[in-house]
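Just passing along the structure, written as structure tokens.
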Amino acid sequence: MSTQELATLLVSCPDKKGLVAALAQLLYGHGCNIIDAGQHSDPDAAQFFQRIRFDMKDLHADRLTLERGIEDVAQRFSMTWQLSYENRRKRVAIFVSKYDHCLYDLLLRHRANELVCDMAMVVSNHEDLRIVAEQFAVPFHVFNMTKDNKREQEEKQWELLDQYGIDLIVMARYMQILSAAFTTRYPNRIINIHHSFLPAFTGGKPYHRAYERGVKLIGATAHYATSELDEGPIIEQDVIRTSHRDSVHDLVRKGRDLEKVALARAVKWHVEDRILVHANKTVVFD
Amino acid sequence: MSTQELATLLVSCPDKKGLVAALAQLLYGHGCNIIDAGQHSDPDAAQFFQRIRFDMKDLHADRLTLERGIEDVAQRFSMTWQLSYENRRKRVAIFVSKYDHCLYDLLLRHRANELVCDMAMVVSNHEDLRIVAEQFAVPFHVFNMTKDNKREQEEKQWELLDQYGIDLIVMARYMQILSAAFTTRYPNRIINIHHSFLPAFTGGKPYHRAYERGVKLIGATAHYATSELDEGPIIEQDVIRTSHRDSVHDLVRKGRDLEKVALARAVKWHVEDRILVHANKTVVFD
Amino acid sequence: MSTQELATLLVSCPDKKGLVAALAQLLYGHGCNIIDAGQHSDPDAAQFFQRIRFDMKDLHADRLTLERGIEDVAQRFSMTWQLSYENRRKRVAIFVSKYDHCLYDLLLRHRANELVCDMAMVVSNHEDLRIVAEQFAVPFHVFNMTKDNKREQEEKQWELLDQYGIDLIVMARYMQILSAAFTTRYPNRIINIHHSFLPAFTGGKPYHRAYERGVKLIGATAHYATSELDEGPIIEQDVIRTSHRDSVHDLVRKGRDLEKVALARAVKWHVEDRILVHANKTVVFD
Amino acid sequence: MSTQELATLLVSCPDKKGLVAALAQLLYGHGCNIIDAGQHSDPDAAQFFQRIRFDMKDLHADRLTLERGIEDVAQRFSMTWQLSYENRRKRVAIFVSKYDHCLYDLLLRHRANELVCDMAMVVSNHEDLRIVAEQFAVPFHVFNMTKDNKREQEEKQWELLDQYGIDLIVMARYMQILSAAFTTRYPNRIINIHHSFLPAFTGGKPYHRAYERGVKLIGATAHYATSELDEGPIIEQDVIRTSHRDSVHDLVRKGRDLEKVALARAVKWHVEDRILVHANKTVVFD
């Protein structure tokens, strides 16, 4: 395997005959070997989505030539596309506040090679979790947030993120609401996790309300953050059974486990270029 | 087993020391052998719930004496209680419209002895499912419903239900909204099933909206019907995974499977006297 | 949608560069529009698998020409391939004995259009389920099986299956062991369902043994039947939680639910041409 | 809540009339208030099991008197019983080798108060995980194991375990087989975790064999260790879906997640006195 040079191409465009052939032909023509491909046509949106993972160790020319070739096809079919080279790992910033369960989970999975990316930094509005970041040798940056300094602190965060070439922001229970300017700046590049219930409860203290309502399931949803709170494209959801024996404390505990696994899966799929977004909806090639 | 004479006692009351001993002592004193018991104390509501299943084949006196004994203890502890004798099966009316999946599921489970009750009748606002009821030799009654005759038709339904001593009404995808007078007449004796989503979608065409939102899970909730639509005490919930590959049609199909199993479990628990309700919340001794 | 003419191509061959391009180009060249495609490369077996679903309403020539074109590509890449036209439904024979849960489940799903195939016949070694088949207007054939007549009865079954052009045999709790000659005659065309446990129990009365062992989960496995009993390629598996409160009777009841859903999914995937088999292992494009 | 003094009584005995009343009466007579009680009768084994959680803040006499009272009832009914006081936390030793996922998971859950016990020590046959134990301020003891020193090293381990009053040993992926003398010394006090498959694979490299067989589910089983390897009473099991897209590496990764959650639940139930064992089978009052 070590001799492979893998890359992943994600494309999205209006559905049209000949698309698959054009892309497959292009890659073949450049000496690439398709390892894995997933494809989806949304009949309602008349939209086509494809993920192609290929080996370029026998690439005839150089990467620039390949990219130019893809761009030619892309223009012909009005495609948006994104090409990721495996040897250029995505750089991730984890945003946290005081809860440590998602942070530990992500850092441990990263160390176990489940998440193939660079954990470039942990960003927080509190000092509390510095010790965790340091145990994993990840730089830790604190931005103290008040009612009045949000705009300027966010701008400093952007500067830092840009400076370190961050590709993905993971809100691992970061208890601050990002401004619309923030989410707009990183479209489909911020992943958030929040609890979910059937039925949904709006307003505060949702676990208390779920407890009062006697729900038999609680859930968690990982999604891309948009300017509309918790309304961005859903990446992953999971649930766990609950019963009358569960106290509010038990619901919160079970919720933590859900948050960890749903967030970890969403991050894994993102860094492996498995997610395409169209019209507030994801296509996940898992 | 055939020589057992089983009964089930359900009690609910403010929590108080000595409760468990008093009930256990009472049953022992009458010659009853406790086979199975579940108990729950809700610390917030300071409420006590218990389900006791016992064998009365060695009952010292008669049933009336036993019931009088229970009533004595009940008054001492401000209990509400309900005693069911296994040889007096609950009588069930299934309400349906045109969808047959829940109806078939219930009738087949009944025939397989999974639901130990009498399927006394099927009630519908349409003729369509008469053939199904007849295949299982269950009487089928049609009440044609219009905008104008609802009140009078419901009254005729009550008359029928009373005449046949119906204990439980199961709304197996009955596409009529029961009046508040109806639900009030049968408190915690009407079970309904409906789809559930994370997040929840209010308004019409929920499967279309779930599809547009790209949810990764869909669910179903079985609950007791109250005058507030779909807001009654939840008995059971279940979910199934969905993906971008699922069309609206697929979501509806998966939803049918969920509706069947969640409804069947709720009915099973009810006819086995496993459910207690307090403050719009169920305690289920499963 | 009604104006589409859909077909599904399944191919399997040693992995080789240019495969995807060649097939996509071929279909495009004949005027076909790829609707959906799944592909998998097994790196250990160095084997390539693809399922292509396409619309041929604008086919330039006729079906024969298309098939000849596919055969050309197939020979170049040592492919085995199979092309199914949607307007030629697969013909299914359901084999049963006395248990009716899987039979009802399949017939109801068929009627609800979840299983798009022809339910051509029900075959049994007992008369018991004739009434079920008749309710769904499916021909019912009885072959009385004894120790001595197995070979000759199976031969009569083959004759019947051939006469009616049966594509798939579903063993819906058929309590007879098919001879090796039978399974060899219909490779990857017989689907069986059986219970599964962790740990596995060999020998008789597995539910009793699972009960004695106090398992916390029971499962069911749907697989293609081969001459080695229960050792054929696995198509689908599912499990359900159990507890100390479950009697053997409860385990059997829960097992029935598992058998129904696992078998129904396997049949659905087969009739939708979603399954490829290689080296006793399935690739399922779900 | 802080003013409660909770205790948990676990009893097991041949089933007999009057049992429940006798225990309830006894506790009531001593001024104890039953908070929660679970009970189970195994009809085949004719065995009775009960877990009673009660508040003794209004205890009339002292603990010794209470215990003597329980012993009286116990002798009358041939009970085995165990009484745990909540303010005397169970002392746990975690045994590990080189894998860190279960160790981290247990230590993090302990820190988050999900596991209410004392993490008294980590024992290992390697130095590798010392750094993890130290991050959580848990003493770390290494016992180098060779073919020849097993007996003497185990004896030293027993000495250490006794010295620190260890109540529970958790084998969190400890890659040594305990001797029969070891498991016999701590009956139902050693919890082990191992992978499980449907069907089961005996012998080495089970993940490779599961991969070759194309299983659609993998599982994990937490159980009490006995002298018969992996055959002790099952406490908890869980599974996760797999597919043809999963490599052996993916199966191992998914297996790690299962091992963590199944082991954590088993440990939680043990330290909360929720588990009773009878005839190689557990009753879990969850």
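To keep things simple, chains are lettered A, B, C and D as they appear, and every chain counts its residues starting from 1.
The definition used in the following text is that contacts are C-beta pairs under 8 Å (C-beta built on N, C-alpha and C of every residue); 3 or more make two chains touch, one makes a residue touch a chain.
Every value quoted in this text rests on a predicted model; they were computed, and no experiment measured them.
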Result of counting contacting C-beta pairs for A-D and B-D, higher pair: B-D
Most distant chain from chain D, judged by the mean position of its C-alpha atoms: C
Distance between chain centroids, defined by C-alpha means - chain C, chain D (Å): 42
Chain centre separation in whole Å, for chain D relative to chain A (CA means): 37
Where chain A touches two or more other chains at once, by residue number: 40, 43, 245
Partner chain A, residues of chain D touching it in the complex: 100-101, 104, 108, 112, 114, 135, 245, 253, 256-257, 261, 286
List of chain A residues in touch with chain B within their complex: 40, 42-43, 196-200, 212-217, 219, 221, 230, 233-239, 243-245, 247, 279-284
Of all residues in chain A, those that touch chain C in their complex: 1, 17-21, 24-25, 27-28, 31, 33-41, 43, 58
